[in-house]
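Per-chain residue numbering starts at 1, and chain names A, B and C are given in the order in which the chains are listed.
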């Protein structure tokens, strides 16, 4: 088969940011299970609108407790379905009462007479709930088995688990690139406290190595012989990292974070925090800490961060994401990458783009994409100093 | 004369929504008197800006009490005229003092010298006040006689009359279509109170007949031999319906409602309520009821209705319009109708579109349009159960 | 050299409003020093974003106290620089620590290794602080000497000086045109108090003469033999006028005002008030007056002015600019001038446009533009009645 001509660089850079249903990236991302909501955000018998990769959808939870994801609009007059009502495990449109199963199959069109509903179908996507998140498979064909590269960290006994979702008003890819860019830690995560550290920090740039694995990209950031940080990023958009706990003696936190396009100018930052239980007192303090600080979304404090330059209080649940937000939103919502100037320290970003371009080209050419798999031998994630706690 | 080629369906559907001065629909709508404001909204000596069918206008009331509708901007430097001042029955621009009569004729251009004003004219449209509404004729040529298909209902002695105007942020045509769609009543107007009624309602779909009349379309909705509802919709955008009063013993209410494009993405829902007087106590209660609930505009409560799903209290003045709002706004502001899927119960909508396409084609071809006339023998509007009270 | 074909009038009118870096007007305006900020708005060690003629910039003040104006974004990943931190007289990006001098030269790229910074440069523009304003030269080549046509009025001993900046959401050129239009004074500045004056005012139209000078345009407005107002407007966007003081016995105020495009739909109204000192009591009252009323920006009161038609209290610092705001914003943000109808009283505007078109054509043709110079013999600015106090 003849290979398609590579498009010019500006077009190739733009393609990384385009995630709609008909885009190459959109088709690639739809081959993977993606988290789209936090489980507790939708109660049995309720429905709500959702936008994922430029597609408007209806998320509802049947009276049985099972969650479903169907098209955003009724096939009939294009009214949004979430304003209708859930009956059993189906959803009925409020305009003329057309009813749909979770598969998208119309099961009733009251004024149209018997037999008509069977010919009507809207989109309906497989849903899988895991660890307090609702995952969906928006691709064509049969959904792949649900898996995660380091899932045992979320499945151990005795974990305290929190799920969180934020929407950031920028393209998903600059959030992905930030995960493969360990240099930013030395600067971004000092931004709010610069004064005394300002001069010192430039000495602490890590040596960085990036290598493609069965699951994605492994990043090794060496700051000294006793400070080596290994991060296993999973294709196409999942980061699993370990960060310090609430206090010096608190257990470390496993964090699985996905960056899922809402549309090309907005991104879900959605994920799980899993913390080993360590006694009722410490556990209660952990829960209180998350209740107090965990709902902070920097996007709600945009002007404070960009113009007033005031920073939030809690280092791990507020300040770190706020700093990342400023670095990422500071590039604009959809960035003209043809204007940027990468350096040798951007090796991770360069590898990341190459892999995405390779996979998108396969899709365009009708060739099989890589069969990504969970890591057989995941490295232990090292403990490291609080100062270099990576952003998620 | 050769008939113009019918445009493809997507274009034809789009044409129903385009109401600007140069559009086919815009030229058609401008052949009719249209209500554009509520009389009490403009006091003698005052002026305000108004947008009608995509055209910016200045509405002012002369010191004599008479209302005028002229262009939005001064001919000179294009400053909006409503910021100027009314002098006698003319309006003067605040920038350089050019003065205009209600016909749009410039009567004074102070710094330009004698004789210059006579050569300057802006748009000026005939105005007719009726039943607390300000109607205007925005077409070319001489305005037709002002008439209404069922005007006697608004002109009887002893009526209590209320006029109301709202702006809904959607295209006018989906509001028109809702008037010719009796099925929606069985679902939309249960939306806020679903629970117990959910299953029962699907049995109550009416048998529907639609027929073109001299004035527009007559809709006959038969729910049972004792529940027949006849609605006479008047071309191009006026509905006259009768709905239950405040209490079981209150007199029924005649409502004349027009859906007039502000522009293609906004619509005036403007009309009159006329209620027979029935004694001082009942009349006072009626006035209090309208004062308390009558200013409710669902567009001011968009998120409450769509996201919080909380509904307003009063059934006729708040809940019913709120339910219609959700059904109509739920389709989006300007809907891509090529994506919808009409059924046999949409016969009214199909007839409606056919009539509009026929009239628009006549305009495009330079042939005369239909001469619509008031109904010689209007059917009595039947009393019906409160549950099926139609939306306006 | 062959002259370029004049573009049709609509295009020529549009060109007056287009100020981006590649536009003819943009290139012309960039040949002059332009005020872009008020000095006290930026403290040593701080940075803030700024938009000038469609270009995003970073204004920062080094620890030395000197102000610098560099590009808005880091060359590396395009993050906005103002979120970084000022170190000495340089600014460091918060994302990966690239550091820039005030010339735009990169002086450090920490993770890229020695020698890399020298090859990186972003925009950096000369800055000159004067009278509480920060001026910048955004043109190519060496900046011209900094000069003002009537600078001695701002440099006398014993002046009280205030600097002010507002952003109005409209194109710069309609603000310029208002300066060359003395007729507006008779109407615009009565708008808020019309009643009794309404009829009288039309008699007070001045005789107007406009002539091109070495510095710009001189406007002579003759209202009577004892009421002659001379205004020297300096090319391309500076007005120097004298207006009445706070009370009848207060000294008159020299005002230098520039209208500088933020972008094509927003304009800085930026300038200096200079008031001769006249004893401690009067001086204190002057300061109090400016503190109380001087921060009023009509753009913050748009709906009050356009819809509620309520006017602010203080005549010179609030009402006069509010009236001008209504006249200028009332034309829209970017006006389609092909729809307007100029008269003989618009001679100033017509001369103004001719001069700009001539200069823009020279730029397009690669010919030298006029060498504007300060006025050798500036006329004394006459005292005039408070009623006709011109807008700035």
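Rule of thumb we're sticking to: a contact is a pair of C-beta atoms (placed from the backbone, for glycine too) under 8 Å apart; a residue touches a chain by one contact, two chains touch by 3 or more.
Given the structure is predicted, the values throughout are model-derived calculations rather than measurements.
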{"item": "Category of the chain touch graph - line, ring, star, complete, other", "value": "complete"}
{"item": "Magnitude of the superposing rotation for subunit A and subunit C (Cα, nearest 5°)", "value": "120"}
{"item": "Computed distance of Cα centres, subunit C from subunit B, in Å", "value": "46"}
{"item": "Touching two or more other chains - residue numbers and ranges from subunit B", "value": "none"}
{"item": "Of all residues in subunit B, those that touch subunit A in their complex", "value": "183-184, 186-188, 191, 194, 198-199, 201-202, 205, 305-307, 309, 323, 326-327, 330-332, 335-337, 339-345"}
{"item": "Complex contacts: residues of subunit C adjacent to subunit A", "value": "48-49, 73, 75-80, 83-85, 87, 92-97, 108-113, 116, 120"}
